[in-house]
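Think of it as A, B, C and D in the order they're written, each chain with its own count starting at 1.
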């Protein structure tokens, strides 16, 4: 709120309505995941001529907007994005807004949305933004580190499955001229190895050589980097790693430690 | 989410993490108020050279963004804005998103934020937006119509008190050259009639002749207007009325009726 | 808790665990219904040789235990019981335990259970209580008086349907010697008028002449009665009325009024 | 509920009121502590001539009633009681009542209350129960094993502090004839070692030789014991141990393990 100046005043007789606000403090010592998700992005992607199956401008913009959120909230230890969704993990000891759920979720969501629109031109250039996009948001709690890792693994497993499918689908449609229905039919019942084989034999594509960002989604971590002799700045670093494997967590074991 | 194509697939072993999401369905038959509020707008106003005590560009932009929200959610029966905050009232029978709180709040907030940034230039022209603004959001429930009216009256009483104070304050600072501290001191302990008198005697300002939007805030109602013979379009109409008085509700008695 | 004496002491390092308790304050200005319900009372009824279809000792004991609850909580305006369940309605303005849900629900439930066991002998005489009975409890909120009346009507409609069925069923089993399965089969698909006719033609029973407590359940209201010239005492009065009809609420219009 | 027989029937027009019940499913994978607490037990203790500072009959009855609860809910892994309160710990994987909070809390509380009244005579003999006692109940969640242990340690540290104080207080009052106020004054500002010294020098009491149940409270664990060659029975075993020390948890390391 913008209260330039305050004055003590008699409470109005209407002020009792404040007592209807519910307390929504989040349980202590749980990992807090805030996940934002594009609303009706199928249409949004079509309107803005997104490349299929992946539009690198859109992914870069998503990553950049997520970086803006991470820089604002220093208790976010890791963020993970794919397609039109992003998950932000607040450390289990986080105390921002005294852990009030609505404050945390709405601020993350609003800043993400705002940054997405504000920085649109930086990534999309001549492709003008046609209308205001919208993201929904929710939070989920995870009591243990194992649960949290499984959450992130769930999202990364999801991107793998979707991207492999979409890569096949759009190659069939765009390069072979199949209709959407024909492409769906061709892919029905196929397993991962079938799809890898199809990409290689029909399109000469080695799926594992495709950009890691498409196959793995984007992990954002923050780092302090040196600007000059005396100053550092916090930046969000994108990583395209496999976080389902324990190796990732060993290499970044500082992420989950209890903060001092 | 943007799921171009779906395929049936084996559930991954990580999928259990979905069961940690809590149900947040809102109690039936309560009025739902979603209030959004600018984050750190004191700084935002200074950065963007807002006129004091009221910046008409900012108020118009707030109203326009709120109108975008109202057009999207047809169960919002009234919205009320002042300064950097806006309240949206969903009808007690609203069923959007099956009354899931996080969906309702986050979508309203994100669309408002997005519209605020997207339409910035339309109102601010050469004054470029310097950084992505942020709004928080929450919801409050009101079981009775009386409670709901009192909520809106509370917000409108608030704008009256703040605006009268701010009008005095900024006239003292900008026209009389008082420092902020001196202006605060001069106003300490004054009641409404003192402030009205001060404005009139020192600045020739009849407070009640100032624009109603500044004194009353903005009420948004939606109307179907005729575009041509066969088509209508829904638009959000701003009204600068006194909703604390019962007269307002009598003139708009259709607002609170149970929907068919 | 029983704290005979208190002493100021250093907070232990374990005391932080208190901060994990969630606030569970109930939304203002809603009617609060606490409903208790016997756990596994089919078995309990068999073990204690309850008469079928209604055991008057059990119903009287339920009513008496409910009266103990009403006398303890003066913001309960009405209670309604049938079979092994009881609903207690706290006035929408109730402020007991600062409207903390767990306090309200657990105290009502515990006092009901305790009274049920404590006063067992008064109603069951030689039929000894064989094991500790158990009741669960929950609360439900109703924003409007109409919703509240519909809740109570729902419970009373339920007792009508169940009791008519059970009266037929047990007469067929106990007087005609049908097996449970045969009785169920005979009643399958019958409507109310069929059942009334069956009771009359086969057993000479005019259903509407059966005790109102069986057919309507028990409404409890509290009244101040005079003990002598100077003293009054609050007692819970059982009423076997039709609360689905508006007539009941007109005759007791003081119940729903806002308290001073 | 006691539904002897069911019949398919048209939903009544009142049935919509069921949709006002809120979902209260407890977050997965958290330890669930249900704590019951005597209501106004200061008065209850006086009415029933409880011995001061500890009434062994009351403590035994509390323990026995808690044992009844443990036998009913096999997902309770440990219970801890002191004075007029008892805490029941459901395993983090517990799934009873599909983790619905109101079901869990109300059933534990009602069964405890019911058992307390039902078994009163077994422990109090000629001292008749004068009126129905009441216990409130709540639940608290703990995400980690460390938090859970700290919760139990908090309750055990509490009994130590209270019992040492009460032992001094009542010896001063009952053996030295001090008034309550005089006794309080004498104890004001004393630390543990002062109180130990006072008990020893003035009353010849070695505090550490007093019954462990008074000093440590009661830990209840369940064990399967052999009745004969082929059958086992679950019983609740009281232990008067120091659970603040890690040693306790090492000796009972099976308690906290994930269930199969």
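Quick note on the criterion: a contact is a pair of C-beta atoms (placed from the backbone, for glycine too) under 8 Å apart; a residue touches a chain by one contact, two chains touch by 3 or more.
Here the structure is a predicted model, which is why all the values come from computation and not from measurement.
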Starting at chain B, how many touch steps does it take at minimum to reach chain C?
-> 1
Using C-alpha centroids, which chain lies at the maximum separation from chain A?
-> C
Call it same or different for chain C and chain D: same when shared residue numbers make up over half of all numbers used at their interface.
-> same
CA centre of chain B versus CA centre of chain D: separation in Å?
-> 50
Between chain A and chain B, what is the gap in Å from one C-alpha centre to the other?
-> 28
CA centroids of chain A and chain D: separation to the nearest Å works out as 46
What residues in chain C touch two or more of the other chains?
-> 20, 22, 27-29, 141-142, 147
Category of the chain touch graph - line, ring, star, complete, other = complete
In their shared complex, at which residues does chain C touch chain A?
-> 19-20, 22-23, 25, 27-29
Contacts from chain C onto chain B in the complex sit at residues 27-30, 92, 141-144, 147
Which positions of chain B touch chain A when the two form their complex?
-> 1-5, 7, 9, 12, 14-18, 20-22, 36-39, 41-42, 44-45, 52-53, 68, 83-85, 102-103, 105-107, 109-111, 113-119, 129, 131-142, 147, 150-151, 153-154, 157-158, 161-162, 165-166, 169, 184, 187-188
